[in-house]
Each structure stands twice: as C-alpha cells, then as structure tokens.
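Look for chain A in each of the two complexes below; its partner is chain B in the first and chain C in the second.
On to the complex of A and B.
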C-alpha cells in the first residue's frame, strides 16, 4: 500500500466514523427505532379501512326530518336550553364514498385495529362505517336511547348536544349498543393496547381499554380545547366557531359539514338552509344531530 | 489486501465513534434525568418567598402557561438567567448564586403531571374565572419547592389530595363560598374525554 492509499483510507475512516456517530440523533428525528413500539404503521390503518369498505354491508333507509333545534330539557341534563347544539350534515350529492373520512377519524381518535378473527366477522372499531356507500356514524340523538339504558351513566349527553362517552365509567354491559337502533356503537372485545393493535396518533384522545364501548364523539376533544381557550381569553359567548371534526376536515369533496345548529353564522346552518334533511328511518324520531342532505336547494 | 484494510478500518472507526458518542450520551442522560421531585440533582435551592412576596413577581412569570394555557410549566435555567444575568444586588452571596446557576442543568426542575389523560384541567380557564394560584397551591412562601414548603403551609391540594370530589365541590359552589365564584360546568364531558 502506498502513501496515497493509506491517507485515502484514513480520511475515509474518519468520515465513516463521523457519519456513524450521527446515526442515533438522525434515527430519533425520523421517529423510528423506539417508535416501532408505539403501534402499527399508518399503512396498516389504511389497509384496514380499505378492507372494511370492501366488506361493508347494510343500507340506509333515509326519511325526511326537521332541522335539529334546542336540546329538550331533561331532569338529568342540567344546562339544557344551552345556545349550542353541535352536529353535522353529510351532503350525499357531494359524497362519492371514498372513505377518507374513516381514516381521518381513526387517526384523530386513535381508533385501534382489530385482529383477523374480528375483521372476518366485520367487527371493526371504526367510528364511521360505510352503509350503502354513505358514511354513517353516531347521530348524537337528542333523545338518545343508548343513554337511557346505561347503568353507570357512562353514556350521557352534554348540554351542547353531544352524546358523550365516559370510558372510565363504562362497565361494558353493552346495553347501549343493544338499544341503539342504528348500531352505531362499537365494543372493545380486544385489548388493543396489549395486542399492539392501537396506536396513539393523537395525544389529546386517550386509548380505550378492553370491555369499553365507544363511538363517534363529534371530536369532543377539539370542542373542549376550543371552549377552554375561548374562555381563557374571555372572548364572550362560546359558539364553537372555527371548530371542525376530523372527518369533515379529511373529506376531499367537503361533503361533511360540522357546525352549531343554533348559530346562524355556522357553516352547518348555511350549508343546510333551503335543503331537505334526511336521517335513517330508525333514528328519525329520536331527534338526530347528524343528518344527511340531498337534492336541489 | 487494500479492501481488507479498508473494511477493517471502517469497523474500527464505527466502534471508536460509538464509544466516543455513547459516552457523551450517557453523561447527558444522567444529568437531565427527569425526577418527580423538584430540585433534583444540582438544581439551585429556590425560595418562593424571595421571588414572589418580596419582589412581587407573578407566578406566571416563571410558571409560563399558568394564566394563559392548559399546562403550567416549570422554568428552565434560561428563564432564571433572564433576570439573574443582570446585576440585581450587591449583597454578598450573589456569587454563590451565580455559581449555583452556572452548575445547574438546563432544566433544573421537573415534575410529572398527576392528571390522568382522560381528565382535562386547564390552568388558564381557572385563572380567567378569578381563581388565584394560591387557592389551590397554598401561599407563595409555602408553595412546593422550598424547604419550608414541605412542612406547615404546604400545598392545599397536593398529589394525594386532588380528587374529583374536590373539583366537583368547587364547581357546584360548595367550597370556596367566600370567593363567590361563578357556578361552573358539572356535566361529565366538561372535564372528561
């Protein structure tokens, strides 16, 4: 080996050493390494949505309903007569059933995957599922039958019209799921965290345990965060303006509109004004907050 | 032969680099190890009375976010240095403080939140509603972080004492009657998710 080769290999060694020394911070920045322990890859979630859509059965029998109004006052629900009632409208003229809302929802709400056995039975945890090519989720009924049968009070209503789920209170009787005429509730048959099926994409939403019922929360955490920020900054009466749900955000056709039924400035009221509202037949008498819109203005 | 030397050299370089940088990592991870207790390691002794009561510093000056955001943070060394690099007094002992600060780790204090992830507690919204820091955390001189803080006038609501019951009592107006707070939300999803 001559002098030139020796110096060449020495400098190569130095460069290689420097690069190798950098590797740890580089890997940390990419979120791999330890990151693998956090859960399945986003690709797995995409694949599961595709699988669920290919297996989707069931149809929606839509009937005309009136626009949701103020929450009816009830003994259990203090603060009824609240000026907010949150809900959504799904524009079936714009929706092409692409399923991007399902993936957006799953990643926003840390919805876990299911194992092969559950998938074969069509029991996915997805809060949104396709029924007759239409995204369907909990309708947040004003007169919610699920809440009436909950023995622990885990399923309850907020004054602003959200049918909320308190996971830590849920004892897993599944009465609510049985009493929901639209079967919008999903039960955690599996311990998703132990089986490595859950991934925490969003730190604002806790992971659910085995034996707990869950369903669409109308992105409750986003509303809570906005309400707290609004009240901290003392900006007046909170109407939830500017908040939207993950599915509405993820819809490429803007077919899902989130808003406040009682706020005339809400995009929801604007999108639904002059249009006919529909709801699944089994929910039509239960004062649903999430409705479908179809037809000419 | 040339290639054998090159491969051997690369392996040696990797091992050497690993040795050099991993030594650095071990040191830094030890010095910045988070502890639940405040004042861990080489953190300088901090006297709340000296900062709050005598010079009228607001809690939020160091505990950023306690009036404006959900989480109230503990100051880093840089926050201390914002004031302490200025010549504040000519009292003796300030050199001791300077050296203590110089030797302190980047984040001298750390605390682990006891709030479970299904509970929402927003410091800012309570502050905006007129609740003062001392209502829950005791007096400044008795706040945690001082030697005196552990005895006598300790935290009103320390880790063991914060329960949903204490939240609900105040939200219903059963405690803190003399403060005349507005009644606060008591439906589940106001604070739980």
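On to the complex of A and C.
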C-alpha cells in the first residue's frame, strides 16, 4: 500500500465514523423542542405495552345502545354551540387485539411509563387498555359521573362532547376515579418526570405532574389545532372533518373510527350506519360517545 | 412512642404520594380516607355527649362534658389531616373551597366534596366556640347562658356533617357504598365509636358513667341491626368488625365484666378496633385479597392514635386546672341548670332549630308568661338563627345575581347542604359575639392596660392577616402564570406605522386572541368557556386613552387574567395587533352609528 492509498483509506474511515455519529433514528425526529431526547427509549414503551397486554384481565360485558345524539344541554353547556359531538366506534369484527393503538396513543399523548412496583400491581398509565382482548378507553359519557363529583371542576365537559381534564386545576382527590363505573381514569401515582419515566414525543401535549388524574382526551389537541386553523382562515362552521385520533391512525385494520356523531358526512356516522352499537354494561345508560360495533352490516 | 414512626410514615406518605399506602387498581382512596371517616366519627361523640345532653336536660359532670368536648376537638384536628394528605397535589387544596379566585374559577358545587369541606370547617369552628365558652364559664359565669343555645345549634350540625360525609360515599357508583341507608349507618357508627372513645378517656380519668354504658349497648344493637340488614340485602359482611364491635360489647350485660375496670376498658377498645376495621373494609373492599396493609398504613394508623393522645393529653395538662376547676367536685352538676329555669323547656328549642322564630311555643303553665319575641330564647337563639338564615338566603340570592356566577349552577338544590351549617355558623357567631360583648368585655376592662393592648394587637394582627390572605387570593396571588418574565428594557423604537399589515394581524388576532376576545369588534360577547372571566370591554375611546405602548406591554407581559404573550409574539406583531384592535373598535363604532 502506498502513501496515497493509506491516506485515502484513513480518510474514508474517518468519514465513515463521522457519518456513524450523525445517524438519527426515525423516532427522534418525532418530537421537536425541549425534552426531546430525554426519557426512555421507544423500545421501553413497546415493552411496557406488551407487558400490560399480557397482564390484562378485565372483561367487557357489552350491551346494545342507541347512537349518541345531541347532548342534553346541562346548565354548563347552555348557549354553547352543540353542533358537534365527537366520539369513536371500535369495530370488533375487524379488531384482532394487536395493541398497536395503545402504543400509538402513548406516543401521541406522552403517556409515561410506570416502575416495576406499579406494573406488578397492574397499574399502568395507558389511556387505552385491553379488556377481554378489546381496546377500551374512556367513553366520554354524555352524563359523566366523574365530572359530577370533581370538587374543583377539573373534570369538565366541553361543548363538543369531550370529557376533558384541566390538569392545572386537579387537586388529586381521586373522587372521579372512584366514581367511574368502568375505571377508565388513571392517576399519576408517580412523579414520572423526576423518575425519568416520561418522554415528550409530542410537543402539543403537556407532561402531567404527579398527583393528577388523566385519561383519554379523544386527542383534544388535534381537534383544537384544526379548530384554530378554521378560525384563522375563516373557513366557516367547524365540524372537525378530517381530524382523527392517534389510535385510529395507528390501527392496521382500521377498526377504530373517529368522527362527529352529529355530522352526517363524518366517517363515524357512515361506518356505524346499519350496524348495531354496543357499550359496556356499566356505561350503557350514561350516554357514552365511544361505542363498539359488531355483526350485522 | 407511637408518634415518631407515625410521623415518619406521614412524611414518607406525603413525599411519595398516594402510591405509598395500600391501594389496588379498583380502589383509589385507601387508608387515609378510612382513617378520616373513623376519626371524624370519633369527633362527633364529644359534642353529642356534651351538647345533646345539655339540650335534653340530662345532667352531666362538668369534667366529663369538658373531656368529651376536648376529645371532639382533638379528633377533629387529627381527622382533618388525613384528607389533606390524601390529595394528589396538596398545595391545591384551596381549590376545593367554593370561593371564586381571581380568574373566577369556581369549585364544582355539584360535588359533595365541596360541601363536605365547608361543613367540617364550620363544625370545627362551632366546636371550638362551644369548648371555649365552656372553658370560659368558670371565669365569666354569664357566658354559661349561651351554652344551651350553642348546644341547640350543634346538635343538628353533628348529624348534618356526618350525613354530608356519608353522602360522599353514597353518591358514587361503587356498589358497596350505594344506598339511602348510608347516612343513618354512618351516624350510628360514628356516635357509637365516639361513645367508646369517651368511655376510654373517662376510664383513664378514673370516672365511670353508667349512662354511657347504656348508650353503648343501644348503639351496638342498632349497628348490628344495620349490619344484619345489609347482609341480607347485599351479602356484604365484615366478620371481624361484627365480632369486635357487635358481639363483644354485649358482655356489658354481664355484671361481673361491667363492674370490673379492665373489662370495661377492653370492651371500649374492642369497639374502637371493630369500627376501625369496618371503616377500612368499607373504603377498600378488596382489603386482604388484592390490597395488603403495608408499613405506611400502619404508620398512618399510629400517627392518628399518637397525635390524638399527644394533643389530648397536652391540652388536658395545659388546661388541667380549668377543666378540673377549684370549685367543681365529682358529682357536681353543670351550671347549665341555672339556665333551665329561664328557657321554656326543650320543646321550644326544637321549634327553633327548624328555622326562624316561629314563636308561639308558650311556656309551661307553671312559669310566668313571656311574650314570645321577648323570651330568653328568642333573644339568644332564635334571633341569631333568624339573622343567620336570612343572611344565608340573601347570600344565595346575591350569588344568583352575580354575573360571574351565571355559569355556576348555584340553585337552591345545589347549595342545600350548606344552608344549615352556614346559618348555624352565623347564628353562633352572633350569639357568642353578643355574649362576649355583654359578659366578657366589662370584665376585661378591669384588666391592666398593657394586657388589653396586647390582646387588641393580637386581634388586629389576626384581622389584617385574614384580610391580606383574602386580598392575595382575589388579587390573583394564587394564580400567577408559571413563567412570568420581568423585563425592564425600554421599548426600542416608537412608531405607529404598521410594520405588520392588517391582514396578517387579523390572522394572528383570529388565532391567538379571538378565543377570548371574539373575532368581531365587540370583543367580549363571545365568551368561550365557563372557566374564564369576561374580558375587558374595549372601545375606541378606551384604546386611545390607554395608548398603544401600554397595550403592547399588556399583550407581551400579560395583565390580571390575560396571559403574557412574550416569546409567542414579537413586539412588532403585538403592535400590529393593537392597530388591528383600533380598527376593529372603529368599525364597530361606525356600524353602531349607522344603526342609529
């Protein structure tokens, strides 16, 4: 090897080393802003979802329900435009219980991991969990019992039919959790940020602090972004068309359909027309917005 | 001795949060809440023994009554700690209070927890007043006159408070807790456990109260009846609680045990243990199977017991002479008997607790006739009660008329749980204040000047402190934005030329500001959510009087309820926004002019 070849191979190796250092995983590009690279690896989140699915025990006892309609205007919602009522339908004929929705939801909503102690007790923070092989999340009941008992008003209903949480107002009395018949609410028992269990995949969703309740928000941030766009560009009445939730996006079988119950053009209304709707027995008379469909096309 | 590990456990639990004690996936509450229910139950007996006996003209030792009242206060203080430490975010406990803060955020009054909080606070204040009056009776005999009216106020309040506490449970969906029998069940359990506690305390003082033993027996039968009924209806049964609190007390029927000191103490303790177990099972039904008692739970238990003993013994020792009194001997009858002649029997009082002076209960034939509105109890009880009730009603009407409360359902049904406690509080304050003014102040005037100065200074300082706290609360001290940045750098260049065109400002306005201020020139008509106050109304004249630069600073730094937009908007953009605001206001003015 002469001198020229030697220098050439050396520089090639150096360049290769530099390039190796510059490599970037796909997931790192997901989040921008601070806290992006901090937190556990996405692999840990996948493992936890697998663990939670293997531990899942509960069963769903499904009964027939009617399609959710316009919400009864309680005192809080009077005067607010109630032209929207968002919800989801989960097609149990298509769903094979793969659990990809859980992972998609966790990454979209920055759901933290839990430590071994909590995992052993079966207390995961996942907003979606498997019950009898079926993904189950908060049903956003129109007549939500959790909101009635919240002393501070942190759990409240938006005019769009979403049972929302104000994390900054939550004092952690856990009354809502005790009063949810389906136990869909999750309590931040751990300080996930301090323990390094949280990771901010999505900058649109805040990390929750220790001691507050959380649960499925129907990807409220996506709806709000779309609404803002409508307002900014003055596009007329907003019906939330074209928005979808992370779990619906992540479902390989398209078993989860998100939409507006009051909009005849919404994919949700189209997918559920002519199908029988089901809801867990304990939620059936609370006017749930998230329902299950199976059989009869 | 128990206190140290108890304190360690409390500290650990506070530091580690609610995960530290035994809760499973289906239970969110756990030990602190059961301990809270247990201690608040104990807190009821003291007042019961003292106040209810007083109003029912059952003669009672001053010493026993004092001890009972003191036990109420101490167990109430212990009880209050538990729900506070149970909170996920302790420093937000004030949000439970039904007070609107600077942002007009209001507690959700549909929740029983809010009224629970209020009722307990009021109960604490009234118990303190009752105890204090009793304590001061030795020194200012005139005060003993208002003890009976206070007793009448407290008697329904005890039952009221515990009903509200029990409704916390009964209102939920947990099948074990549902049912209208809950208030009765809770009250019986509470009073029963409280009797046992007073029994224990009296035992340590070396007294014996036969009446108490009778009451304990009756309590155990009542509770057993409820348990058996519950067992038949729903099949839930707590065996250990039944044995400890249901069967063992029946040994009181055996005279050998009843007459032995040790036997009595053991029975009282077994009742306490039984009731505690019962509360634990009630709050976390899975105890033993899915939930396992940890060190922290035991520590919390130890903390409760030790804090109570410490507080009780401490105050007992501190007030020792006052409680025993130089002139009170065992067997001496309470001075409330003096009052008895003046009051027109307990029937009149029963009418009074139901509300405003309905008056014509007439006195017993033997006593001379007094006109109803001049009678002693009208002056001491009915008048304050009437004032209290009318103030409460006025308050409700005032709340209903407030613009900011429009979004809060403050109807009569919603505020029902607070009406009696509030009326009782006002009434008691008026009664005590009046008595203080009439009886105590003349005595105080004989004090040395220095002492009077000190006392008035303390009172004034207290008032200032309260006023300051309220001011900070309403002024927004409690709701400071999380990242407030203070910049003193002067505004670089002053020009009114729009560096940003109006069309872009419109976009920014629509996306950033319109959610509160509205897209049109009316600014405040669109009001998004119930949790924000109505934004300031702006018209052309007002904008001009404030000036562009101040408005730019308001946008960037925030003001009162408006958030700071520094970092999200550049200064040039803010300036553009102000100009856009001017244009909107002018347009609105013009269109209004045309409409005219």
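Quick note on the criterion: the second predicted complex is superposed on the first by the 256 of 297 C-alpha atoms of A that agree within 3 Å, B and C clash if a C-alpha of one lies under 4 Å from a C-alpha of the other, contacts with A are read in each partner's own complex, and residues count from 1 in each chain.
We adopt the following convention: a residue touches a chain if its C-beta (ideal position, glycine included) is under 8 Å from a C-beta of that chain, and two chains touch if they have at least 3 such contacts.
A quick note: this is a predicted structure, and the numbers were derived from the prediction, not measured.
In the overlay built on the shared chain, the residue A:206 is in contact with chain B alone; chain C does not reach it. Judged by the touch definition given at the top, the superposed model places A:220 against chain B, while chain C stays out of reach. Legend: residue contacts after superposition of the two complexes on their common chain; A:228 is shown touching both chain B and chain C.
In the superposed model, A:5 makes contact with chain B only, not with chain C. Across the superposed pair, chain B and chain C both touch chain A at residues 153, 156, 158, 166, 169, 228, 231-234. Contacts from chain A toward chain B in the complex involve residues 1, 5, 9-10, 12-14, 16-18, 20-21, 24, 77-79, 153, 156-159, 162, 164, 166-169, 203-206, 217, 220-221, 224, 228-229, 231-234. Note for the complex: chain C touches chain A at residues 17-19, 24-29, 83, 86-90, 92-93, 95-96, 105-108, 110-114, 117, 168, 171-174, 407, 409, 507, 510-511, 514-515, 519, 529-531. On the chain B side of its complex with chain A, the touching residues are 1-2, 5-6, 9-10, 12-14, 16-18, 20-21, 25, 68-70, 117-118, 120, 122, 124-125, 127-129, 185-190, 192-193. Those residues of chain A that touch chain C in the shared complex are 75-76, 117-118, 121-123, 145, 147-153, 156, 158, 166, 169-175, 177-181, 183, 187-191, 209-213, 228, 231-234, 282.
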